[in-house]
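Presented below is the structure to which this report refers.
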Amino acid sequence: MQDFPVVDFHAHLGNWGRFGMLDTPELFLSCMDNAGIDVACLNCIFHGDSNRGNDRVAEYVRKWPKRFVGAAFISANYPEEMVPELERCFGSLGMKFIKIYPHYVRVAHDDPLYFPIYEFANERGLAIMSHARHYFDPPSVSVYKRYEGLVKRFPKINWVMAHAGGGTSAETARTVRDFPTIYVETCSSGLRYGGIEYAVKKGRADRVLFGTDMPLLDASQQLAKVIVCRITDEEKKMVLGGNAIRLLNLKL
Amino acid sequence: MQDVPVVDFHAHLGNWGRFGMLDTPELFLTCMDNAGIDVACLNCIFHGDSDRGNDRVAEYVRKWPTRFVGAAFVSANYPEEMVPELERCFGTLGMKFIKIYPHYVGVAHDDPLYFPIYEFANERGLAIMSHATHYFDPPSVSVYKRYEGLVKRFPKINWVMAHAGGGKRREIMRAVRDFPTIYVETCGSRLRNGGVEYAVRHSRADRVLFGTDMPLFDASQQLAKVMVCRITDEEKKMVLGGNANRLLKLKL
Amino acid sequence: MGRVDFNFKPAVPVFDANVELGRRHDQRNLKDTPEQLFEEMSQAGVDRALAWHPNGAAYDSMEGNLILQELIHGDSRLVPQFFCNPSFDDFNVFTRSVKDAAVRSIRMVPQYQHYPFRESVVGPWLDWMEREGLALWLPTTYTVFGNTTELDASDVYDTIREHPHLNVVLSELDYRNVSWAVPLLKSLPNLHMEISRLTIADPINRFLEFMDDSRILFGSRYPTSAMAIHLYALHHMGLPESTVRAICSGNLERILRMG
């Protein structure tokens, strides 16, 4: 066994009964311990009123400050609440980055609807995690152009594509190579063969972030995807924790 | 209670067992009396041979001439029969407007396939009711452009969009505002909050026509949508009967 | 001349059997606060409403039920209805929460929550509800993100037949479900229906041909629909006042034992 920092960039709070997803601190901590995860970044996206979920995240972080980091969830269904809630999250709640979920709004994240969030993040150099493509996107959508536009308009934001951008594709890898503020995160239910190799080899090892989707998905399985894939140990360390520590300025 | 002319622009003849839709004269007249409807405009779209349904409509109109008005249905699946059947409908059968149903044909109603119908209607200044959008439309379809083309080519036709167009409502309301020969009809299964207000506020009160979809839907419920919505009593009177009275020259 | 009523107000007490209260995760409802609900009730002439919170279906019954109570805040005009997911919820914790909140009815969406509505899954829960006199609401359809799941009619028949003392309400019954709902209502006397989405012509009389008016409940499905639509319609369908009264409040009071 080797000791090095492991950060889960993508974990959720809240029960999701229809998928048997159970959220208790005991389950979280034992999964993290079994897998060898030091810190999990938590968000809660299950409420129309974002503050409900953010309060719950903050409570976990307060109780287990060494094990959890908070990500602020902001619902664009209530645009008038976005900036005040961000101020609260990065003020008294001490969150570390932003999670948005365009699925709930049916408006893609390059729409000006989200710009107040991005202006807030750009001023502070924050990271934002979102799915890169959406079920409502027209088939012709170009993820590259979507991010090219965002990166140019908001150069201080670091963009994290959840689930490696929804299927690691040549286009996603090219986007990562061309723009230094873009990252991909690794979790997925498919446990697909070769996914992480592809992201590391075709994208960049310093821009791949390990994530689990806990407790919807299991921590050890998601971690195993990184461990068993054919990249170097140094690359694995970057993916599992090094990159997240650098990105979020974590002191582990 | 107030006495005002009430015209149902959208009613069907025929049974539709799989949806529990029952068509008997007693049910029709009872529902109309309970709701306070003077006249229902009937069409029958359930047959590949249009003349079968049109004969049935004509029979109702003959038996209850003060309560029913006929709308001629012509099926574009048999293009060679369209104009002869129209001549019969507006000759011996005394119909008042035309109903087309592109769903059965899989061809949108701005296709030249329908032009013989439109030439017939344009010469006589008739109204034509159709859904404005179709399940087979590409997502990119512009309802505005569809009607812009039709209105320019056939300036004497009054176009009635069934179900207030069924989707793409902003575009549809803009078409109603821009072209004085376009109307929207109100029936729908969803009893949606705010639908009739939206049509009156964003299009024009003199171009909204009350309809029920009887006996698939209930007359009193569909009428209640107009009665309980937040428009003025004068606007309600226009929607309930004034506009149809004017459009079809009914002399109520 | 058609006779219509521009100044309509209900002539009977009204207790709405189907109101969604609170925010959804998957869309922004036109109205989602208690204040907006009270305003709609007062405009429509609705005295009380049976309310549920969408989070219970989407994610977590217990949490949705808690938020519901928080929003109702003890106001007697709103009666809470709890969501239950029998394949996920803890039986003891859930039943205690129902008792503590004095809740009289439960809502389940089996197809949306991915469990079969079979005796093997829901039997113990229905036994408990039967013992406690709790009623069960089964929406015939449930929609999230525009995707609709539909209740399995055969499951409902097989399972409800085993619980003859349980009051069951088919809610949001719409014209696409009429074909299976009619035989179901004919064969199960403890089955009721809520009319928010029942839009076929002369709907009440069509059902009164084979069942009595004690099994029909007014529900609005606010905020998707406006509350007053069905109330206006129920008063203009040629129904006797006693029937309108039963549908608008009496039957729901009886089922919830709130007489």
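By written order: A, B and C. Residues from 1 in each chain.
Here, a residue touches a chain if its C-beta (ideal position, glycine included) is under 8 Å from a C-beta of that chain, and two chains touch if they have at least 3 such contacts.
Quick caveat: nothing in here was measured; it's all calculated off a predicted structure.
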| item | value |
| --- | --- |
| Steps needed, at fewest, to go from subunit A to subunit B via touching chains | 2 |
| Centre-most chain, if every chain is reduced to its averaged C-alpha atoms | C |
| Chain centre separation (subunit A, subunit B; CA means) in Å | 51 |
| Centre distance in Å when subunit A and subunit C are each reduced to the mean of their C-alpha atoms | 39 |
| Distance from subunit C to subunit B - Cα centre to Cα centre, in angstrom | 33 |
| List of subunit B residues in touch with subunit C within their complex | 1-6, 17-22, 27-28, 30-31, 33-38, 189-194, 214-225, 227-229, 233, 236, 240-241, 252 |
| Complex contacts: residues of subunit A adjacent to subunit C | 14-20, 22, 45-49, 52, 75, 77-78, 103-104, 106 |
| Subunit C - residues contacting subunit B, complex | 1-6, 8, 30-31, 44, 174-176, 178-179, 182, 196-197, 199-203, 205-206, 221-226, 228-234, 236-238 |
| Parts of subunit C lying in touch with subunit A, wherever the complex brings them together | 22-28, 32, 55, 58-63, 67, 85, 87-89, 112-114, 145 |
